[in-house]
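Each of the two complexes below includes chain A, the first together with chain B, the second together with chain C.
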Partner chain A sequence: MNRAVKLILAAALVLLLSGCYDYSEPDEKAWVLAMGLDKGRQNKLTVTAVIAVPKNIAGGGGGQPASGGGGAGGNFFTISMEAPTLLSTLELLDSVVDRRVDLSHTKWFVFSRELAEQGIAGYFAPISRFYQFRRSSYIVVCQERAEDFLAKGVPKLEDNVGKYFELMQRGWRYTEFIPFDSFHQFYLKSESPGVEPVAMLASLNRKAPVFESNSPKPKGWYYAGRIPRRGGGPVEVMGGAVFRKGKMVGILNGDQVGVQKMFFDTFRRTIVDVPDPKHPGRYIIVDVKPRQKPEVEVQIVDGYPQISVDLKLEGDIISIQSGENYTTPDRLHIVEQAVERILLKDINDTVAKSQELETDFLGFGLHAKKLFRTWPEWEEYRWDEKYPGAQIAVNVDYKVRRVGLVHEMAPLR
Partner chain B sequence: MMSWPKAMLKYLLYQKPKSIPSVYQSGIEDKLEEAAPQPSGSGGKEPGRKPEAKEHGKPTDGTGGKKPRKRVARQRNKTGSPVREKFVGKVAENQSIDEILQNKVKLVYDLEENRRVLAKIFRVPQNKDAVLRSLTIGTDPPVKALLVFIDGITNSQVQNLAVLQPLMLISGLFDRSMDEQPGANGGTAFYKDLFDRVKEALVPANQVSTADNYARIVDDVLNGNSALLIDGFNQAILLETKGWQYRSVGTPQVEAVIRGPQEGFTEQIRVNTSLIRKIIHLPSLVTEFIKVGGASPMQCAVMYLDDLANPDLVHEVKRRLESIQADYTQVTGLMEQLIEDAPFALVPQVLATERPDRVAANLLEGHVAIVVDGSPFVMVVPATFFSLMQSPEDAYVRWPFGSFARLIRYAGLFLALLLPAHYVAIVAYHQEFIPTDLLLAMTGSREKVPFPSIVEVLIMELSFELIREAGVRIPGTVGTTLGIVGALILGQAAVAANIVSPILIIVVAVTALGSFSIPNYTFSLSIRVLRFIYIFLASVLGLLGIMVGFFVHVGLMVSLKSFGVPFIAPAAPVTRKNQDYFMRGAEWQQEIRPDYLDPLKRRRQPRISRGWTGPAGRKGDSGPQ
Partner chain C sequence: MTQYKPVVGVSEAVTLLFIFLSSKVFLTHVVFLYHEGLNAAWMIPIIQTSTGLLGLLLLVSVLNKFPGRDLVEIGEELTGPYINLLFALYYLAVFVFGAGMTLRGISEQVVAGFLPDTPISLVVFTFVLGTVVVSYLGVEAVARTARFLLGVMVVTAMALVLLTIPLWQFDAFYPLWGGGLWKLLAGALKNTGDFVQILLLGIIYPFLPVNQVRQIGVRGVIVAGFFLFLYVLAPLLIFTYPSATELTLPSFEMARIINIGRFGQRMEVVFLPVWVFGNMIFLSISLYAGAAVLARLCRLSDYRPFVLSVAVFTTVVAFVPRNALQAAYWNHQYLSQYSFIILAAILVILLLTARAKGKGGDKNEQGG
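For the complex of A and B:
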């Protein structure tokens, strides 16, 4: 053995120093799919962990498919523990769960509304430093205690509750009711002046549905915990929780979340029921998609911002209940104006709400920022104080692109 | 002993480049420095070290202060061995025969003496293969002669019709007709002497030469020729009578293609060279025979295009072959190991192929082919990484499909090399990479498996290697058994027994498919071995280990040379690339020969090779008027 070989061996040994020696099999870890935080009963917090039971999900080694259902002895179980902080629960959990608890597949961080209204910045901001933590997970605010929400939220369609969480959240792509802000956006928005985050709002189904009155209401009028329904899974996700300075200050209903997404260009599509201008009580149903990014102009006049927004949207006619022939080019504008009218109402409601809450969750501050040359100047301006006094004018431009599969429809006789 | 920092400095500090006699001599830069007189006293200890005296391919460590490794070769030849003492007479006899051959002892005039010496050399009468046939040449007066040949490797029909019949029967006829010719002044005037006359007129064999020493006769006779010795002459006539049994030309066994020639090389060197020459009809195609070691002169042929191949490359190939001193080099695989640049590297450094069309295509690029007698594989040098990953079929199908096949093959290479390692690394260290659904499925299926993932992987990979090795060695008649047993081990049974998790079966199967997609068998072997190194690295260091291993691996490959050509040639070092190194370009784009070969002619076809695309046919005539 000559010197060269010895040197190579020595170099190979040096390589071993850089290893992290955390070899662990996946079946030696307990995969936490969601964490819940409540106000503590005996300590500062009650932390709930949803831990997957892989052998039930995968159907064991034999290969037979997993049995449906779940609940007790099912595809996951929850543990709630009293702890001073979120991460110290990881230690406590290891004394109950035989496998090492791992957060790297956590999908949801669920805060109870009670805790959120007291302020959650102190809980979620520090965990972004932790390596197991994924910034692609989501912040969810639930109307009741998070431990109940997670323990009872057994999905109907999925075996894997983690997939259920992911798919629920992925609804932001095809419905306007679910906000887009992942933990990463949520964190950035909380940290930056001039914009505030919106978290997903979720709730367990109530025991008995609440039906208030049968007057016509827009479909996005509801939010989680208030959806009038019977049947379905225990969990509902709709609307958003508005935060200011890490504290929850209000609730957005489904339509308002849609408007918030339009302003951030994360709005993909929605269906709007438009009252037929010629046939009261009948609806024209259209599809709405963004045509361009929203154009936001901010001016500062007399120390207060003046904001004008141009929203350009487009879409198809899905259905015309009355059978009135709006589909000729010279009559399309009737539909377009009706859609613009109803969208504008939603938008104005939302803008008014944001000013009422004194919370710029629509992100106008991001557009105002460019008016200031330096960061101290921008901070000096104190956007959050000036925003409630801002004048905001929104212009909506909707174009019908396609009128659907029926041509020159005649009303039913 | 502390001179290794000095040796390291050599690489760190700028050194003025020295002129290099031939770029194809690999490691010549180091050798030049060694050859230069060394300043310290320790270097002068070995005055006999000359660069050309070194064995090629054997890395001589360039550390000047190192003691010359003195191999104490015991002189056992003379005394000491009981066997040699017992048969001392036989040893002496063998030595005398070797001396006759080595000293190139000349023939004598006396036929009986020549016969006695040849009988001694060929160990007649014990050796029944060697035949010493006495005959009389039917001239006037008759002359005694001796025909020497080896039975079985000569064509007896040729011998009968073209040698014995003319000598014994027709020679007399011819004799008379010559005499009758007026003005010819008899036969003796037309030819110098009887020997000349026999050679010129009496043996109608197609190749005839003369020899004046025993060594030459022995060489030729061992190659299937016949030697004719005539009484009274100290020369012999060597007649071409070769004729032995060999496998006929068949389809290639290892490198099968669908579209393309279905001919493969055989074990007969002359057939192999003719298969190449059959494709390249060029007078500049040169076949040089090189005597390698103690083998026969027709053992090894070097083929190249004289007007194309770089003469430095040809010279280097010949230099390496001529310098080989080895016992048994009848197979390409053995010869390859003696001429390759880096014997400790895991990758093959010559391209061994059994397809004449592939050799021809390479010769036309400026490569050099080495044909070895007794082996159906021909070596093409220099070889690069990209040539090892190519299949002749890439060129025979249209270029999009050829390129696609290559992409698939490179994907297969990476899968075969890295997939099991990645499985181990990700499962054991980087579970956050895995989609949650898959992770839970994997975790669930592993619940009852008692081993860690690394053991699982090793079990499956080793059993796969076992099946593969057994599959090669298994006799054909029981071959079907292997499939059944292999499918049981690698299939559902291992999963059902909770030895391995089901997903691993997929990993092993994909790895196997990937390694079978590598077209070069030797290269595939190296990937098989390296896979285990990567698995080990992954199990110790995770993806970091794979990364470090890959870095070292690529570094080693880049530093490798095959006959002076860097192994990853057109890519590193970056040189001018043609349209056929990674992807396969269209046929009309293949305009230049590989830059790293530095051929005498660079351009292989004009810029417009499809003349009909130009206005009115740029190249050809305007057609029928």
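For the complex of A and C:
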């Protein structure tokens, strides 16, 4: 008897496990998948929330496919509200949305370029304190107002806009044009002396032509908002927004983002169109991958840094437009040198840009701090002031590893 | 003290000691070491472990002079009831204050990270209820519970660190000496209180295997030092200095940032058991030890009447700080800093008194 009563009492305790105060049903939550921030029109900020409509993501029922888009019956909707701060908007949203708004699944924090150039430190740093926020989300700078960008950015392939945001960012693995840094890295770089962050640059597609002539241009010159294209989804992500002390100070094009990733060892691969040294107007197309981590050596000479970088890369020949037979062991070096020349130009341009912006987004400071014994000595050196005067020498070593499925191509007749 | 004499085996005792010493790594505590050592704060636990070992050897040398008796009894014999009362109150303060601040810390962590709408009082009550039951059952129950959960806790704690390896940034080690060698040494010496919980050995000494106390203590301190080192180092490598100094709960943030593809995210719930079990074992040990000290002071043979009162006392202490931050700061200021020096002073006084009065035998342990 006694034992039975104890068992019943113990079993009754299990009822408490459901947690009466914090019980939370997923179908009573409004999951915010992205937040946008613009300069406000009626208050300090215009905050836009992209809220998922789970029933449409899951499918229409009765064999109906999920409905796409952000309009009526779409898989997400956006709300823009005027508010003094980002997080106070959450309570405002609860006045408009029937379900409780939750940031736990927010993938993107989108800042308009206008706001980013004024400075966003006051907005992104404080959200790291909020328990719903996760450092694995991403900071995006869009060329237009974030409310327009998020409202019109309807994915073509995905029903789930959250997955779309994630997959767009994960493109950093397949293209050099998308920065690697999540909020976590962005935040650390913003706080650490000796390095500055780069955020993803995004835009809605541009209707007007970007360039006036059809003269050849490297594809890596493009960046979001300036990609010549027709068709596809409305959103494009390419290039980066460079920040210094929480303010956006410049834009990197696709190639420059690739160089930034090479220096941080987050570069995976890129395809490079190399002008054929023997056939002007024709290209050799190669892919480029890292062979080793970059070797960076920094010395302080007369108070200023002298930096030497060794980049070891490798890759395959994908195509030779001219049909010239470079694919014999004694002629491969011609291709290798041509690749090294074009990569070196991109790298030197990017290094020059970082010095021109007085912003070490290539992270040389992280190598330089090894020269100092203590943190106060490192801070006293004031790397950010010395970096623009640094002498930087880069050496690129590229090796062809494979030549594709064709060997010693016969010329067309 | 209870009706029969409990027995704590070597592995159970090592487990008890190392969990009692190292469960603090799951709370705010480690952040204070970053303020002392900057990016080289990972060196502080290494120095602290050395000082912890010295303190342990001092404690064992006192205990081994009086086999079968705990520190309170030894103190009474050597210094008399009045001076020993001061010593015992200090022991009680270490256990109750440490338990109170830990109770508040872990409850605040649960509220901040998992149950934001639940009143803190309910969370505290749940922790107290569980720990009172375990500690009421005695040191043997606490030790066996700790030993039973050890595997899960160690594997989970190691997994938490290993899963963050892709996020480690090794440039965080530089400049190598952080704030400088002297600042590091000063920081380590200032925080020797992290090992003040070796005091536990002095309370459970009568139940430990004869001749193996030193071995138990050395193993417990070294394993605890390893986990302290690991949980100071990992957040430094992930969040780097100075950002790491901003974290309220470094181990919680570590769990939140794990990202293994699209589906390997939001894993903090997986690590919830290690935080909860670790701190519940800490609380159970503290309640038991506090009750045992009170029982000795009152010259009672049974500690059990005091478990509930110590639990109430601990709960009151837990609610004295006005907020979570104050609890973390007080724990750091009053327990982690300098408390070890008081313990060392008490042990030296006991040792010198024993020598002066010619009391206690000299027992040489094998091994350890």
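One rule holds in what follows: the second predicted complex is superposed on the first by the 379 of 413 C-alpha atoms of A that agree within 3 Å, B and C clash if a C-alpha of one lies under 4 Å from a C-alpha of the other, contacts with A are read in each partner's own complex, and residues count from 1 in each chain.
The definition used in the following text is that a contact is a pair of C-beta atoms (placed from the backbone, for glycine too) under 8 Å apart; a residue touches a chain by one contact, two chains touch by 3 or more.
Please read these numbers as outputs of a predicted model, since none were measured by experiment.
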item	value
Contacts of A:R3 with chain B and chain C, given as first, second, both or neither	first
Touching partner for A:D22 - first (chain B), second (chain C), both, neither	both
Touched partner set for A:I57, first chain B, second chain C, both or neither	first
Contacts of A:H367 with chain B and chain C, given as first, second, both or neither	second
Chain A residues touched - chain C or chain B, whichever exceeds	B
Partner chain(s) touched by A:R113 [first = chain B, second = chain C, both, neither]	neither
Chain B versus chain C as contact partner of A:R226, first or second or both or neither	neither
First, second, both or neither for A:D102, with chain B first and chain C second	first
A:R145 touches, of chain B and chain C: first, second, both or neither?	neither
Which of chain B and chain C A:W378 touches, first, second, both or neither	second
On chain A, the residue positions that both chain B and chain C contact, one per complex	19, 22, 104, 134, 163, 166
Residues of chain A that touch chain C when the two form their complex	19, 21-22, 104, 128, 131, 134-136, 163, 166, 182, 184, 187-188, 191-192, 366-367, 369-370, 372-378
Touch list for chain B against partner chain A, complex	4, 61, 427-429, 431-432, 434, 436-437, 439-449, 452-453, 495-496, 498, 501-502, 539-542, 544-545, 548
Complex interface listing, chain A residues touching chain B	2-4, 15-16, 18-20, 22-27, 29, 31, 33, 52, 54-63, 102, 104-105, 107, 132, 134, 160, 162-163, 166
Complex contact set, residues of chain C against chain A	38-39, 112-119, 122, 167, 169, 171, 174-180, 239-243, 246, 253, 256-257, 259, 262, 265-266
